[in-house]
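Pasting a structure here, questions to come.
Chain IDs A, B and C follow the sequence of writing; residue 1 opens each chain.
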Amino acid sequence: MTTRQSVLFDAPGPKAQRRILITNILGVLIFLGAAAFVLKGLYDQGQLAPELWSPFLTADVWQFTILPGLMNTFKAAAAAIVTSVVFGLLFGMGRLSHNKAINWISSIIVEFFRAVPVLLMMIFFWLLLGRMQIVEPADTPFYGVVIALTLYNGSVIAELVRSGVHGLPKGQREAGMAIGMTRGQSLRNIELPQALVAMLPSLISQFVVILKDSALGSIISYSELLRAMQIYGSAGPILQALTVAAVLFIIINFTLSWVANWLSRFLGSRTAGKTKPISAPPVAAKV
Amino acid sequence: MRKTRIAMAAMGAIAALTLSACGGNGGGGAGGGETGGGTEGGETIRIGIKYDQPGLGFQSGGEYTGFDVDVAKYVANELGYSEEQIEFVESPSANRENMLANGQVDMIFATYSITDERKQTVDFAGPYFVAGQDLLVSAENTDINGPDDLNGKNLCSVTGSTSAQRIKDEHAQEVNLLERPGYAECVTAMQSGQIDAVTTDDIILAGLAAQPNFAGKFKVVGNPFSEERYGVGLPKGTELCADINAAINKMVEEGAWEEALTANTEGVDYTFNEELNPPTPGDSCA
Amino acid sequence: MDSLSEYFQSYLTALETYDVVAALWVNIQLTFWAGLGSLVLGTVLALMRISPVPSFRWAGAAYVNIFRNTPLTIIMVFCILVAVFQLQLNLSSDFDFNFFLWAIIGLSVYHAAFVCEAIRSGVNTVPLGQAEAARAIGLSFLPAARLIVLPQAFRGAIAPLGNTLIALTKNTTVATVASVAEAAGLMKTMIEFRPDVIMAIFATFALGFVVIVIPIGLLTTWLSKKLAVAR
């Protein structure tokens, strides 16, 4: 990246360095000014009062609000990650199938669920399960979150599988055929394992999406971190509670993103495929 | 080859997980059904409350507080359950009927208004309080004295609330409605002057304004424009109704009822509707 | 057969009571304005990330890392809670329109991080020689970026930009937490009051989004092929 950037401008001379210094200072001043404006506004409204913030340092809030909320966030995300990977593998292989009917059905399902907003699906499955009474009423938000996240992210993973396999050199399959494997055998034994390694970084970025989107569960009353904090804040410190939630989400997702980047460098040498995030589909997926 | 086997093992594990998850749920459901029978003794009792309504039903730091909780504890005690035997369960408005039907809770104290429509699917004991939809305004406010003064004002309520729509339909068509996910957001907006009034049942408003963070800043207008009879939600066909009503009567007679009410609305310019309260429970038992 | 036509009849009455098209139109408007907003902001951020000024580079990277890792729901809630309720930054004297504008800002702020990364990936497709040539003829950073690098970068970034636009279209449903009356909120109300036709209601909204999203996908794929810089 650095070589790429430095090509856009010459190494700064003494005059340019002074200009850069001035711009640097200006940049910092602008940032500080904006921060001061926001903090002053919040201070004037009394939102910075220490007694509104101090509860979040007490063990009680962590034990009964933050940790249970985080647990629920992780529970929904973990369940959705497992089911989306299964969904993605099934329909990704479906889209690679040479059977026309399977290929066609998989394509329609994948394209449909990629086009429908996750929130719409969550609301729908939550209310549908509530009416059908097949799961405990208190669990309907959980299943609503997991099903919606699975259908959407599973479809994205299916696309990842497909482009992962397409990204492998043709020789891999040809080698499989040469030693007498069928197409399916070569797909399962040679191509998929390598494609999975190649798509691992993109897959982990997709897990960040799942974790982030699990916060939509707060809209359908699933008690994940965001909603747990909303409930705690309902006696007053709502702004503070949500700030803490935001910081926690950023830390967790940042760590996961960092792992994804690290993996893509680490795995680069281990597969014939490309570990760099694959072009078209995954970018949409990451949003 | 090795990788494939690991992948296969992973798939197997996932399948097993999914299966066991389903099995676990089935078992839980059956267990809930048993407690739903409501046998007295060493068993626990599961009571549905709200978790996010300070002053009525509120969970904070593992403690449950509020008027609903106090009445629930008193009634459960009269039915032979000690405080340790009570298990509080969150029951959001949308889930209340289902939770009773499935036996997930034995009874519900959660600002649950008795209506003819609901009576078709659940039984009610009580009422233990008669609330009315009302307005919360800033303590210095003098120009809003009822729902008819809201033309051109900004009114906040929570998503799916009926009282805001009622004001727009029947009292003030020019009102600006805003729906937020929780009342705390409405109240913070009112603190900064972006919102003129918040509407829902008067006791919910009073409970909210009684929170230490808001103390002395708001008042309940005291001009209710509806009648909400809070009942104890019970599964259809239960035998507990009469006992619960007796317990509520006792609570009122002993003065514990009024004590709980004042304690939970302390410091707020609010008096409950004395014509209708304390109510005489009983008419709802089948 | 009879029950089917009955179902269809009650579905039609549900459609008469609630204006689905108007709600979806709100989502389209949000998409359009937030799309413009995030494109402008994202381009500025991308410029900052490749600029010679370290503090700008640092700020651009920090912005992208923070907003890409925060749930959109939280960003939306903060727009309302902090900007409108606490700082009282009213963009319009019209009560509802104010929230609509803030929803656009929330959506723009979030998706700008993804637009920035899309453009940066586009910058990577521009061969080194192009930037070197720009420097050789004496262009400094901004003119080189404006005249040589960005025009080619945009053409190389159309596919990821299109994907961001599709994601934005779907994410406009989250505007419901900014108190904007749009499709997700309407669907919830409709199902609550007309649970008898729940399937048909969901199918209507889902198809509504499919009809909006699929043409965007086709168009960007076509554009990215047509405008690809031949190398």
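Going forward, a residue touches a chain if its C-beta (ideal position, glycine included) is under 8 Å from a C-beta of that chain, and two chains touch if they have at least 3 such contacts.
What you see is a predicted model; the values in this text were computed from it and never measured.
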Identifier of the chain whose CA centre is least distant from the whole-structure CA centre: A
Most widely separated chain from subunit C, with each centre as the mean of CA atoms: B
Which of B-C and A-B has more C-beta contact pairs: A-B
Where subunit A and subunit C are represented by their mean Cα positions, the distance between them in whole Å: 17
Separation of subunit B from subunit C, taking each centre as the mean of its C-alpha atoms, in whole Å: 38
Residues within subunit B bordering two or more other chains: 181, 185, 188, 192
Contacts with 2+ other chains: residues of subunit A: 45, 218-219, 238-239
Multi-partner residues of subunit C (at least 2 other chains): 81, 86, 88, 177, 192
Sites on subunit B touched by subunit A in the complex: 1, 3-4, 7, 11, 14, 17-18, 21, 25, 28-29, 32, 51-54, 58-62, 89-92, 94-95, 98-99, 101-102, 104, 181-185, 188, 191-192, 211-214
Touching residues on subunit B, where the partner in the complex is subunit C: 154, 160, 176, 178-181, 185, 188-189, 192-195
Residue ranges of subunit A in contact with subunit B within the complex: 45-46, 52, 58, 60-61, 63-65, 79, 82-83, 85-86, 130, 133, 135-140, 188-189, 192-193, 196, 218-219, 221, 223, 230-239
Residue ranges of subunit A touching subunit C (in the complex, touch as defined): 4-5, 7-10, 12, 16, 20, 23-24, 27-28, 31, 37-38, 41-42, 45, 47, 111-112, 115-121, 123-124, 127-128, 131, 208, 212-213, 215-216, 218-219, 226, 238-239, 242, 245-246, 249-250, 253-254, 257, 279-281, 283-287
Touching residues on subunit C, where the partner in the complex is subunit B: 80-81, 84-86, 88, 95-96, 99, 177, 179, 192
